Every structure is written in C-alpha cells, then in structure tokens.
Amino acid sequence: MRTILPYPLLFVSLVLMWLSLNRFSLGHLVLGSVIALLASAAMASLRPDKPQLKKIGSFARLLALVFYDIILSNLSVASQILNDRKGRRKPGFMTIPLEMTNPTGLAILAVLLTSTPGTAWLEYNSTESTLLIHILDLKNEEEWLELIKNRYERMLMEVFE
Amino acid sequence: MELVLAIGIGVMTGSGVWLLLRPRTYQVIVGLSLLSYAVNLFIFGVGGIKRHAPPILPEGGIADPARFTDPVPQALVLTAIVIGFATTALFLVVLLASRGLTGTDHVDGREQSK
Amino acid sequence: MSADILYWSIAIAQVLLAVAMAFACLRMFRGPRAQDRVLGLDTLYVNSMLLLITYGIRVGSPIYFEAALIIGLLGFVATVALAKFLMRGEVIE
Amino acid sequence: MWAALLVSFFLLLGAGLSLLGTVGFLRFKSFYERLHAPTLGTSWGTGGILTASMIFFTVTEGRPVFHEILIGIFVTVTTPVTLMLLARAALHRDRSENDPTVPSASILTKPGKTVIGD
Amino acid sequence: MSFWSEHLVIAPILIPLVVGAILVLLDEKRRVAKSMISVLSTLALLVVAVQIMRYVSAVHAPGASVTAVYMLGNWPAPFGIVLVADRLSAMMLVLTALLALASLIFSLARWHKAGPHFHTLFQLLLMGLNGAFLTGDLFNLFVFFEVMLAASYGLLLHGSGPARVKAGLHYIAVNLAAALLFLIGVSLIYGITGTLNMADLAARIPELPHENRILLEAGCAVLGVAFLVKAGMWPLNFWLPPAYTAAAAPVAAIFAVMSKLGVYVIMRLSLLLFGDQAQESAGFGFDVLLYGGMITMAFGAVGVVASQALGRLAGYSVLVSSGTMLAAVGWGSTGVTAGALFYMVSSTLTIAAFFLLIELVERGQDAGANVLAVTMEAYGDADEEEEDDEVGVAMPGTLAALGICFGMCGILLAGLPPLSGFIAKFAMMSSMFNPAGLGSDLAIRPSAWWLVALIILSGLSALIAMTRAGIRTFWASIEGTVPRVLVMEMAPVILLLFLTVMLTLEGGSVMAYLEETARNLHVPQSYMNDVMSAQPIKPQEGGQP
Amino acid sequence: MNDEDLLLLLLTLPFLGSFAAALLKTAARTAAASLAGLVALAALVITAALYPSVAGGNVVRISFEWLPTLDLNFTLRMDGFAWMFAMLITGIGLLVAVYAHYYMSKEDPVPRFFSFLLAFMGAMLGIALSGNLILLAIFWELTSIVSFLLIGYWHQNAAARDGSRMALTVTGMGGLCLLVGLLLLGHIAGGYDLDKVLAAGDAIRAHPLYLPALILVLMGALTKSAQFPFHFWLPNAMAAPTPVSAYLHSATMVKAGVFLLVRLWPALSGTYEWFWLVGLAGTATLLLGAYFAIFQQDLKGLLAYSTISHLGLITTLLSLGSPLAAVAAIFHMMNHATFKASLFMAAGIIDHETGTRDMRRLSGLFRFLPITATLAMVASAAMAGVPLLNGFLSKEMFFAETVETHADSMLDKALPYIATIAGAFAVTYSLRFIHTVFFGPPPTDLPKAEPHEPPHWMRLPIELLVLLCLIVGMVPAMSIGPFLHTAVTAVLGTETPEYSLAVWHGFNLPLVMSIVALAAGTLLYLLLRRYLATCENGPPLFRHLQGQRIFERILVTVSWKWARWLEAYSGTRRLQPQLRLLTALGFVAAFVPLYFGGFHPRPLSFARPDLVFSMIWLIGIFSALGAAYQAKYHRVAALTMLGGAGLMTCLTFVWLSAPDLALTQLLVEVVTTVLILLGLRWLPKRNEKIDNTVNFSGRLRRLRDLTIAVACGIGMSLLSYAVMTLPVPDAIANYFLEKAYTEGGGRNVVNVILVDFRAFDTMGEITVLAIVALTVFALLRRFRPAADSVAVPEQQRIQNAYDDARPERAPGDTVRDYLLVPSVIMQWLFPVIITFAAFLFVRGHDLPGGGFAAGIAMAIAFLLQYLAGGARWAEDRLRILPVRWIGAGLLTAAATGMGSWLFGRPFLTTYAQYVDIPLIGKVPLATAMLFDLGVFALVVGATVLMLIALAHQSIRVYRVRSPEPLKSEEA
C-alpha cells in the first residue's frame, strides 16, 4: 500500500481536484484516480519531507482562526490605505524567534502570514531559528508577537511535531 | 473595439520595430517578442472580431456560423505562438553564444566605433 | 431586475479591477527598484485573473475558467524566477 | 434576485479590495510596505470574486459549482512564495547597498526586538 | 493508382520525419548506424522523388498534365491541407534529394561528428524543404518554411565557432523578422479572401471587389518581401553570403537549394495568383521581380569579383543565381521560365558542388588556415573521441581531380560552354530575344537588353573571379602540399558535376520536361482544376459523436 | 564508312585522344606524343579523304537533335572552306605534335600537354565544322578555355599565369559578346542553322538589329584574332610553350576570328558599317602590329606582333567587301599559317638551344644552326613578302585590292599608303629577325653555351612548312589552286570572282608598292639597327603605354577596387541596416499597392466602445512602450513590462472569445520569461551612466529608426483596422464550424482544426519545436561564457562571503534558508500541476486545452522543481530524458497519422468512436487524441530540454572551476 499510495492525503486531494475540475462521473473518478496515482508517484520521486498530520482537528481549528484573522486584517489594512497619513501608522521590521523547524510547518506559517494582510514574511534564519517579518502597522508589537508565536506557531507545532 | 485593438497593434508594432533596430541583442529579442504579440493579434483580427461570441460549439454541434468568431485565424495564431516561442528561444541561445564567443552583446559581434 | 443588478455590478467590478491593473502597471513602470516592478507584474497577474473570472460571470460561461486557473496556478512562476534572479543573479543554480 | 444581490456584493467587495490593494501599492513609500498591499487582492479580493463566481454558476448551472475554490487555494499557496522571495531579494539588495533603514542580517536579536523603518 | 503510389506524394515529408525521429532516439555514439539510416533515408527520398516525377510527367492525354493531389486528413480542398505534386514540385524534390545525397555522403567523412543531432537536423531540413515544395496551402507553406528554417538554423550553427554564430545571429534575426511579415501577409490574404488554399485563392482573386483586391495585393506584397528575403533579392540578401560562407561545407551545399525555395515559391505564387487569369491583378509585382532580380544579379556579380575568399565567392554566386531566376520569373514568358528552370537546376547543382569543393581545396592551402582553424575547433572539443586518424590520404591525382572539378565549377558559374550553365543561359537569352519562338519577328523588349547584358556580365564576373581564385589556388601555390581528401568527399563533388554533364547531354529531354512545366505554370487552370476537383476517398465515417 | 560518319569521327577523335592522354602517367612522354601524333595524323587523313566530297561545292552534313525547341542542334557541316581550315588545323597540329615531343623538357608533365593540345585541336575543328551558330559559339569558347590551360601550362611561371588569364578574360569576354551577336543573328534569321543564317543575308543587313549584331560578332572575332584594340593579350600569351604559340597563336586559334568573319561574310559584309568597323580595326592593327613588331626584343614577341599585323591584313581585306578581297583573305590565312608556324618553331629551336629569346643577346647563330637558319630565312622572306614565296602572292593580292575603290571614303583613299607602310615595316622586322639572330659576331652571353642543331625530327616540321611556302610561292595554281578554289566557292558561292594565282601579273601598281615596301623596309632597318640593338623592349612612344598594363590596371580597378567599393557601398555586413531595410520594405510593400490602388480606409468607427477593453489596451500600450524604453539599461524592467504586454494580449484573446489562445499564450509567456531570465545571467552588465553619449549621427540614426517604427506602427494600425472592418468573406471557416462536431467529433472548433482539419500544420509546428530544442541543446554544448560572465553572480558572492564569515553557518545556508519555504510549496505543487496538465490534455477536443497547453504546463512543473531545488537536486530525483520525449512524441504523431493508411485513408485522417465500457459508460476514443499525445510528449521534451540546457550552463562553468563531478546532461 505504501509503495502504491505513498501519499494518501495527496492522492485524495488530487482526485478531488480532478473531480472538481471535471464533472463528477464514474468515468472521471477512474480517470482521476489513475492520474492522481501517477502524479503521486511523481511526487514520490522528489523524496520530499513527509509531513505527519497528527491532529487534523487542531489544523482545522487553526484554519478557521486564520480565516477570521484574515477578514479582520483585510479590513484594517483597507482602512490604513484609505486614510494613510503620516505618523498615524508605524511600519517596521520585527524578528521573531521560532521553535518550529519542520519545513512543512514553516511553509504553512508562511502561507498564513502572507494571507493575512499587514504581515509579510521576509527572512528565515535557520542557524538562529529566527524569522524576520515586516509589519505594516506595528503599533502594538506584543500583540503581533503573541499572535504569531503563541497562536500560529504553537498550533502548527501541535499539528506537525 | 476595432479601433482600440488596431491602435494597440500599431503601438506594439512600433515599439517592436524600434527595438528591432537597436544595437543590443537583448533589445532585439524584446522587440521580436513585442512584434510577435502584435502579429498574433493581427492574425486574430483578420477574422473579424466579435464580442461575447460563444467560443465553443453547443452540444449537437450544428450552429449558425455567423454567430461565431472565425476559428481559422485562431488556429493560425496558435501555430504562430508555438513557432514564435521556439524561435525566440533559439534566438536567445544564439545571442548568448554570440555574446560568449565575442564578448559583446552587440548584434554585430563587436562594438561599433563611434 | 436581477439581470440589471448583475450587469451593473459586473461592469463596475470590471472597471475597478481594470483601474487596479492600471495602478499595478504604473508601479511596474515607475519602479523604482526591480523588486517593485516584479511585484507590480505579480499584482497585474492576480488582477487579470480576477478580471477573467468576472468576464466568465458576465458571459455566463465557465469556459474562461481555465485561463484564470492557469494564472492562479502557474502565473507565479514567472515572478518567482524574476525574484530569484534578483536575489541570486541566477534563476536555476 | 437574492443570488444576484449576493453575487454583486461579493463581486464589488472583491474588486474593491483589489483596487484598494493597488492603491496602497501605489501610495506606500517603501517597498516593504508595498509588499503588504497586494495581499488584499490575493486574500479577500480573490475570495470575494471567487465566491461570487461560485454562487453565480451554482445558480445558473443548477448544480453545485465549487471549482473556483481551486483558484483560491492556488493563489493562497503561491502568493507567499513570490512575496517571500521578492522580499528577500529586496533585503539583499538593500543590505548590499548598506541601506540603514533595513535590519542587517547579522544582528542576533532578542525576541520582539524591532527596528523601525519608515 | 495502387495503394502505395497513392501515398507516394506524402513520402518525401514522412520519410525524413520518421527517420529524423528515430535518429533522435538513437544514441549519439552509434554513428555508423545513424549514418546508414540517414543515407538510406535519403536514397529512399531520391527513389520516391523520381517516382513522383515519373508519375506527374507521364502523358496520359495530349496537352493534359497530371497533378497528384493528396488530401491530408481526407479533407477536400480548400478546407483541408492538400499536397500537390506537379512537374515543378517533382523536379524540386528530385533536385533536393540529389543535393541531399551528395551533402550527406560528404558530411560522413567528418562533419557529421562536429556536433550532436546532425543527421536529425539534416533529415528534418529535407522534410521542411520537401513539404514546402509539395504543399498547396499558404499557411502550411509557412509551417514548412519554419521547419526548414529551424533546421537550417541548427545546421548553420552546426559545429559552432564565432564565424557561424555571428552569421547565424544575423541570419536568424533577419529570418525571424521575415517570418513575421510572412504571417502578416498570409493572414491578410485570409482575411480578405477567406481561404488559404493556393488554387482556391487563385480562383477567388478575379472575383474580388476593387477595395479588397488592392488590400489583397498589399498582403501579397508583404508576403513577397518575406519570400524575397529567402530568395536573396537585393537589398534583402546581405545576410546570405556570410551565412553560407560560415556554414559547414555539406550544409552550405544543401543550402544551395534552400535559397531556391524562395524563388520556387515566388515563381509558383506569382504565376498562379497574378497570371493572365487574374484579370485586374494580372502581372502584379512582376516588374519588381524583374528589376529587383536584375539589381540582385548586378550586386551578386560585383560581390563575386570583390570576393577574395572562395566561400564568399560562392555565396555571391548564390545571389547571382537567385537574381537571374527572379528576373526570369518577372519576365513572365513561358520560354524564359523554362530556361530559368533549367538554369535553376544547373546552378543549384553547381553551387552545391562548389561549396563542397571549396572545403577540399582550402584544406591544402595556407590561405585557408582560418577555415582550418574553425574545423579544428569543431573537432578539438573535449567530447569528441576520435581524432584525425582517418582524415584523408594525400592521393596522387587528387590535385588534378580537384583542379578539374574546380575548372568545371568555374565554367558552370561563368556559363561558359560546353556545360549546362551555358545551355541554361542560352535558353534564357534565346527566349528573351524570341518571345514568340524563333522565326517570328516579334520585337525585342527593351528590358531584354539589360537582362542579357547582366547575364553576360555576371558570367564574366564569375569568369574573372574564378580564374583569379583558381590560379591562386592551383597554380600559384607549390604543388607539394596536396590536400588530404577522402574518396568519400570527392565522390559527391564528382557526382554533382557529373549531373551537370548529364544535364548538358540530355539537354533536349530535360528542356522538353521543363517547357511543359513552364506551360503548366503559366496556364495554371489545370493545376487549379485538379486541386479543387479532387475528392476525398469516401465520405467521412466514424467521427460521429 | 560514309562521309557523315567520317565527319563525326574527325571531330570526336581529338577529344577521345585528349581523354586518353589525360589518363597516361606523367612519365609517359613518348606514349603521349605518339598518341597525339597518331590522332593528328588520323584526323589529317580523314580530312584529306573528305576532299572529294566537298570538292564540287558540295557540303557534308550530319545533324543530331540536341535542344530542338531552341534550334540548338549538333550539326556538323563541312564545305570547302571548312575543309581547308580543317586541313590547316590537323596538318599543323600533326607537325606541332611532332615538334613538341622534342621541345618539351623532361620535367614537364607531357601527357597533360598533349591532352590539352588534342582537346584544342578538337575544339578548333568544332569551330570549323559547326553547322549551327550556337554550336560554333560553344566550340569558340572551348578554344578559349583550352588555350587558357595551354598558355598557363608552365604555371609556376608568373608570366604564364598572367598571360593565360588575360587571354581567357579577353577572348572569353569576346566569346560572350559573340554569343549574343549570334543570338541576334538567329533572331533575325529565324534559326541558328548556319545555312539558314547565311541564306538570310539580305534580311540581316536590312534589319534594325544589324548594327548591334554586327558589333557583337565583331567583338568576338576581333578579340579572338587579337585585333586592335584587343591585341595586347597575344604578346602576353607568348609565355606559353613554343609549340602552343606555333599552333594557337599563329596557325589556328587567332585565325578563328578571321575564319568567323569569312564564314559570316555572306551574311554580314558589304555594308557601310561593316566597312568602317572592320576596316578601321584591320588597318589599325595592320599598321600598329607591324610597327610594334619592329621594336620587340623577344623573338616570340616580334613574331606575335607580326601575327597581329598579318591578321590585321586579313581583316582589312575582309572589310573591303569585295569577293576578290575575300579570296585574298582566305589565301593569306593559309599562307600566314605556314610561314608563321615555321617561324615560331624556329624561334623555339633557338630558345631551346641558346636558352634565350632576347635578340640583344642573340647573334651570329648561323654558324651553329645553319639548317635552322636557312629555313627561318626562307620563312621570314615569305613573311616579308619576297617574291617566289607564298607570302608574296597574297600580299600582292592585298595591295591590288587596296588600290581599288570600295566605299568612297577617307579610309579607302588612305589604304594603299597604309598597306605600303605596313609592308615596309614587315620587311624591317623580318630582316631584323634574320639579321640579328643569325648574323654578326658570335654570341657572348648565352645561358646555354654551344648551341647546335636540334634532332632532325624536331626540324622536320619546319622543313615541311618551308617547303610548302616554296611550292605555293612558285607554282600556286598547281599546288594550292584547286583547294583554294574549293574554299572560296564555298564562301562566295555564285559571287566567286575570277582570279589568277600566277606569280607574275606584269609590272603593275601592286608590284610597285611591293618594291617600295621592300626598299623602304630595308632602309628603315639599316637606320634603326643601332638603336634596336640596345633599346628597351617595345616601341618608342608606346613603350610605356602597354595595352597589357592598361588592361591589368582596368581589370584591377574595375573588378577589384570598384567592385569592393560597390559591394561595400551597396551592401552591408551589419545587422541593423539589414533589419532597417527589411522593415522599411515591408512597410513599402504594403503601402505602395494601397496608395496607388486608391485604397480608402473605412471611416473610423467609435461604435461598440468597451471601457474595460480600452483600459486593458491602455495598459498594453503603456507596457509595450515601457518595454521599448527600458530594454537597453533596465533589462529586468523591460522583461516585466514585456510580461505586462503579453498578459494584456492574453486578456484580449479572452475578451474576443478565444480562450484557447489566451491559455496557450499565458503558458508560453511563463516559459519565455524564465528562458529570457536564464539567458540574462550571461549578458554583460550595463550601466546607464556609462556610454550614454550620443553624437549627432547617432541621433540622426535614432530619428530615422523612430520614423520607421512609427510608420510601421501606423501602417499596421490602419491595415488591421481596414481588415477587421472588412465584410467577412465566404470563408472556409464556415465549413469548419459546420463540420467540426458532425465530422470532426469536437465542439472546440479551434482544437478540431489543430488536430484534425489542419493537423498537418500542427505536425510541422511541433517539428519546429523539436528542431529548435535540439539546436539549442547542440549549441549550448559548446557554449562558452564571456570572460566577464564566468564569475559567480555578485549576489551569490556576497551571500557566500556572509556565510563564510560566520562560524555557525555553512556555505550555502543563505540560499537554503531563502528557498526553505518556497521549495516546500513548489514541491507540493508538482503533482498538482501534473494533474492540471492531464486535465488540460483530456479536455482539449471539446473545450480549451490540448496537447500543447498540457505539454507546456507539464514542462513548467519540471521547471518549478529546478527553480526550487537547483539543477543538482532536481536531477538527483527526476530523470527526465527530454530527447527521448521529443523522439517519442514525433514518432507517436507520425504513427498516428500513418495509422489511417490501415483504413485506406490519407495520412492523418482521424477516426473517432465511442467505446462502451461497463459501469463507466460511453467513452470517446479518437485517434486525434493519440496525435495530441504525441504533441504533448514532444512539447514537454522540447521545452524541458531548452530550459534545462540553458540552466546547465551555470553548472558547467562551475564544473570548469571545480573538478567536482556532476550527474547531468543525460540527453
């Protein structure tokens, strides 16, 4: 099973992708499965780091949380753009020490940070395990640190480590 | 609509021709790319342009041809895109080879004395 | 009525997006640095994709979906290559 | 009717946010600020319009249409790559020009230590 | 027609395609196998071409010519793409195959090792050429032009080196720009007439309203510029001498037919679209061809005498040849066209032989040291395992053989008797002076004088240049340094020159063939009818969703 | 054997002999000479045997069709005149062959010499025997070519090289003119058959084209016969071995010109133009040749100028247009051949024995070479026109003719005086020849001491010729009389005059002229003797005005200096002017027909405005202009702007209902951008601050380019507007729209066109892609970066230095950190893009997509992995064999096409059917899909090959620097 289906989650996702791209039919299920199988095999040849999704539940919780955060930050950034006067906003860099080393986790963290307007991932330093980010409005620094460090990173570490 | 497209084609052609006549190989390749766009749009345009025309035949196929955009120029453009892509790639590599062998990126392989 | 609402909202949305594209293009032209231009191109890509989707809604056909999908999935490759070129001076090492 | 209103709402929301994003993109002074602006478009800008499209086609086709989600996923996943690489490139370029407003790569910073840039 | 003869028409395209693909899959180290396959393929092409020629020249009914029409995908003209083999295209196929065979054999001595995928590129070049000769569809012509050009880019650059790359850059840039003009022209024509089939186009032109007609003429003129680049008309031909000079000898030899492709297309399209049947548009562009061709001849002739290196001399000879052909086409009479076709065959064989010969001759020469250096570079690269262990032996008589061949090339280029170059020029000039045939005292057109003068002067320039070069090469140098030449390299040269001798001896029957060809070209109704009336094999079946 | 066959044999024999001689070994001297002698002898015998057949005014004729439609036939025709000429050619040919055997030295490759000699004999016979004007022209040029080889026989000698080249250039050019002249004659006469042309004499002379035809024919004849002003090549041809001079330059080839004049005499002569043109050339040559001959110091030079003069004499005779003069001309042709050939041979013996031909060094040779001296004296006497020798007879006839009035003109009146003066000169140089060489004190500084008589066989030819001079000179009527009559009647036919060949015609004016000439000539020699003994070569006054020098200078100036200038001026080796011309001509090509055809563009219509579309194009225009503006200094900026323009093009395609195009263009956009970026790394750094100075001409050039660009832009705008607003023609598109679904089996008409209706185009297009990929690969295998690009990019240097400087960091940490997250995401996308490619592929036939789009998408999937992990990383994991993909793709496409043969259909006929699969239902299976699969494979292979080959260059450079092995380049 492992050799045929090295990445079951990927396989399922691909089949789902196939079915949503095409209309659902038995034929497409079969065809989609075949293609997903081949694509998974291709993925296997890349020998990627295999992420272990340990707690799907907390992952889903994280997504929901982020979804909410994104809406909020959309609004805040939009308002900042609309009345962008000098001095009202304090953009700046910020270095955050990270404990998470799992690349998949880091990747998801990057996705989350990027999707959230107002935060930008700049640079990850593996030797120092620090992350340099840029924040559009740095008025309450601690809040950001708290958000990234304690909410996102912790939850991600739960999921992946 | 036609007018806008025609002006667009003209500007792209003009920019492309201008670059084509420049001395640096890179300018030439950018110029050729711009010209390709212009020519592709031109080919596409000769079939007459239609807005909101259904691009795909309905189920059953039989349709009033007048409602559709002319598919032939489209097929020609597709071929032209592919060939243009290939030749751009080739030109790029040749200009690199020329740059490597002559040391300059002038189209004549040597700097023109002023 | 609902057709009218739809018509006008699509039209307005398209104009908004087109203006957005124009702004992105302006940044692409002005720079000042290469990274600004690349970011401008990326923004242009995304807004074009959105415009395509609105176009699909307007003509009521999902036929243009693939083009949007291509931008969504593959449009970033060009900008990634550009970004990597800026950072490393070389696209593929 | 409700669907039409819903579609219109999401459309205008998405388009408006995208436009706002580019407005910011045009107005912000430094590259690092500008980096944030387009994410309006890639997050809820895209989200709004995709939602509109999903609702619209679900109604008109009479069956659930959700393949737009794919675009959403793809955009969400690919945008960080671009922005991250660009940001890093910008950092590199600014540092190699000794731009004082940019944090140097060598600082071993304490948690939460910030450098203010304009 | 039997099953196989029915599909014979497409064989000149398919054989090189399939062989090229197979050769791609073969490892680069299996050179012998590659060479064998390539040679066999080219031989097969020759056989097929001769068969096609025999088929189209068979007289089934007096006065009626045979045009073989092959409907690709079983779609009738003008909707699908059709291949059309008539006397002219058949002749070009045979010529191409002969040249290809000679060049290929020549290349087996050393050149094919100078870079990867030589044989594939070579076969695909043949595919492009043959396709362009056969196709009856304007856009398909573009595609085959591009196939041919792409392969020619590859072959021109084959072996690399600064000279080739520099010439290649210019060659490619000019041809890319020309390709864009080609596209503009074709699409404009389609936009106005709604068809891409050449025969259909010819039928539609007389019916066009005035406004559309002049737009169409503009389209055709733009298209013409693209072809004239390929054909090498002044002032669009400055890329040609450097490119042909820089190319490896066998490549330059096969290129000799490539510039003729431009001429071929111009000849075919001018006479088909703007012949007498085109009514209002009849004769469009002929003057441009006539005078442009004449200027090209003059430019070529000047270049020939101004050339010190043999390669450039040969390159300019190509221009003279092209100019002569173009002017003859622009002249627009059956007799001159027939003569010009004879000239085309003769000059193509000559120039090909000459290009091959140049390499052999310069091999023994100090003056050719730069060429040798290029050659060294081609072989000296690290990834070539075999070294010069088999590069020719200094045979006694080599110099004599080279000298004879050189002399023959000189005679042929100058159009001196008794070889085919003379016959060709005589045929053209005689037809110019006697537009309605010998014996009718029709007045001589003023341009005839200019054209005859140019034919004579270009011959003279070749004579001066070739004696100058020949004396320098064979007489002024010490005979001690006999170039080391392989029989395999000498044989193709001799083969090509032998063909010119045969062309001379068999002048009568060749001329008869060409006169019929010219008649068909000038009165294209039967061509048009044959193309348009060809029926698909059976109504399409299957395919029903 | 009948006469016709003999005639054919006569012509072919020398050529066969030539071929045989060429095959002999270099050392086979005797064999070659014997062969030549035997062939010449056989030819002579055959000619002689043909005499009865032509004697009675008959003509032997044989004809083969060659190019019948152009009236070029292989017609041989021998009449009395041709016979006489053939006798001359074969007879003297035989003697020369014998002579040459002894003359040629051991070092010379003798077989080659005889081979050329025989070939020449054949060509000369061809001229004599041609019954078709064009055939005559062919043999005419053949003599020029062979004489080139013969003159240049000793090509190690610079004089021989120059002389041969000059001879060929002059006579070859003349021959080309002659050809045109003959073409005109054929045009007037209605055919090239000699008989036909000769019969049409009246029509020819009356024709408006008579004068051009005459001039052109004369150009041929006068150059060949070395007539003024084309005479200069002949003295320079004296670098040839003496047998060649004796044969070509006295007896035969130079006679070809006058032969032709005689041959065409019935058709061309007798007009005022003829008289003046031929007469002027003839008299000038007669006089100048004789004058120049006096002052030559080279024996052969003297003989050469004498030959020129004598040929001038013949020409003058022919110019007169009277039949009697023609008789004299023909007679003198024979006589001159005999005495001049013998003199040349004698000169050759002298040269051979003494090692020099310089008359300043020669002296008193009579005591060493008494027999040769005697023979030479007799021959010179004949040359001088001493009575009882053949030269005297024809000269008397000449004098007699000059006295007559022909065309009442100045020239006519001056002719007797000119003739007498020339006669006197002839006496002077003949006397000088004999006196200087054979008499006086013994020679002092000869290169070869002790000259002695040559072997008898070498002298025998001279003896025979001198004997002939004597016989003809003493008993002309009995010896040459009947033969001359045969020849003359062949030319003149019914016009043949009464003439007498007696030695004594009484004391008449011509005799007085002869006596005056003899006396004056002798006197002149006595006067000039001192001067001539020491003077420089060449006549006073004209010494520095040598025709040869003038010719050389003109040739060099015209064919080298002017030509090079003209080539440089009318051509260019630079790319920009070429492209400028091309674009300008492209514009003109479209403009001219429209402008002169009176094209009125439709009024601009602002109907159907579309705000968004207009904005899209505003961006497009902005991007295009931006790209054009930035391309020089800000390459990345230009690339992004280019991307913007491309994106707007895609949007346009969507807006105008062409999703397929948008799709494909988008995909291509991505790959192209990456490709160009890959290349950018190897281009030189460019800085705006440097080299930004533009001078005036540069600005002018830019202005011109800008004008062209704007013109092209406006032109394209108008053209596209015109064609877009044109009423739609009855296009083939309708057929496709109607049949796409019913017969093509697909709803996406564009795709059905691509894979069915016009699949052949697609096949060609993928072939292009394959070729380009292979070429790129091949070219990059030999890629060498420029010196300033070899180094690691600056960015990497800085980043590596940073890593190096820190103990906790390993080299490459920066890039690893940099790509840590992106590479993870890009890896995730790998299977997704593959699935997407499959999706594009499957839906192609009904909806936008298809093999090409799928292929590019697949290639991007691979590309992304290279971007993410670098080439080493990617190739460690993915073994892509792009070349295989290419080959397989091509083969699949071709095989699919050929599959239709199995059903008896033409190539690429598609076949579609629905297959019922249990549970799944009907599944469409079309051969077009298989074809598309080939397209897919090929596109993947080609795109990947190009990208990867380019990407590998970086690694290659590093490999050069560090020997670290790398697994790569497997294709």
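General remarks:
A, B, C, D, E and F label the chains in the order they appear, each numbered from 1.
By definition in this document, a contact is a pair of C-beta atoms (placed from the backbone, for glycine too) under 8 Å apart; a residue touches a chain by one contact, two chains touch by 3 or more.
The chain list, named the UniProt way, goes like this: A = Na+/H+ antiporter subunit E; B = Na+/H+ antiporter subunit C; C = K+/H+ antiporter subunit F; D = Cation:proton antiporter; E = Monovalent cation/H+ antiporter subunit D; F = Monovalent cation/H+ antiporter subunit A.
Remember, it's a predicted structure, so these values are computed and weren't measured experimentally.
Under the contact definition stated at the top, the chains bordering both subunit B and subunit D are C, F.
Shared contact partners of subunit A and subunit F comprise D. Taking the mean of C-alpha positions as each chain's centre, the chain lying farthest from the centre of subunit F is A.
Between D-F and C-F, more C-beta contact pairs join the chains of C-F. Of all chains displayed, E has the C-alpha centre closest to the centre of the whole protein C-alpha set. Inter-chain centre distance (subunit A to subunit D, centres taken as mean C-alpha positions): 14 Å. Remark: subunit A and subunit B have CA centroids separated by 39 Å (rounded to whole angstrom). Subunit B and subunit C have centres, each the mean of its CA atoms, that are 21 Å apart.
Those residues of subunit A in touch with two or more other chains are numbered 17, 21, 107, 110-111, 121, 123, 125, 128.
Residue numbers of subunit E whose C-beta contacts span two or more other chains: 139, 143, 146, 150, 153, 157, 160, 165, 169-170, 173, 177, 184, 188, 190-192, 196, 545.
Shared interface positions of subunit F, i.e. residues touching 2 or more other chains, are given as 573, 575, 579, 583, 639, 655, 659, 680, 716, 719, 723-724, 726, 728, 731-733, 736, 741-742, 758, 761, 765, 768, 771-772, 775, 779, 782, 795, 799, 806, 818, 821-822, 825-826, 828-829, 832, 836, 847-848.
Those chain pairs judged to touch are A-D, A-F, B-C, B-E, B-F, C-D, C-F, D-F, E-F. If you check the complex, the residues on subunit B that touch subunit F are 1-31, 33-34, 37-38, 40-42, 44-63, 65-66, 68-72, 74-75, 77-79, 81-83, 85-90, 92-97, 99-105, 107-108, 112, 114.
Of all the residues in subunit F, the ones that touch subunit B in their complex are 573-576, 579-580, 583, 604-606, 608-610, 613-614, 617, 620-621, 624-625, 627-628, 631-632, 635, 638-639, 642, 645-646, 648-649, 652-653, 655-661, 664-665, 668, 671-672, 675-676, 679-680, 682-684, 695, 698, 705-706, 708-710, 712-721, 723-726, 728, 731-734, 736-738, 740-742, 747-750, 753-754, 758, 761-762, 765-766, 768-769, 771-773, 775-776, 779-780, 782-789, 846-848, 852, 942, 946, 950. Listed in rising order, the residues of subunit D touching subunit A in the complex are 17, 20-21, 23-24, 27-28, 30, 32-33, 35-37, 39-40, 42-44, 66-67, 69-70, 76-77, 79-80, 83-84, 87-88, 91, 102-103, 105, 107-109, 111-118.
The residues of subunit E lying in touch with subunit B in their complex are 139, 143, 146, 150, 153, 157, 160-162, 165-166, 168-170, 172-173, 176-177, 179-180, 183-184, 186-188, 190-192, 196, 545.
By the touch rule above, subunit C contacts subunit F in their complex via residues 11, 14-15, 18-19, 21-22, 25, 28-29, 31, 34, 37-38, 40-41, 44-45, 48, 51-52, 55, 63-64, 66-67, 69-71, 73-75, 77-78, 80-82, 84-93.
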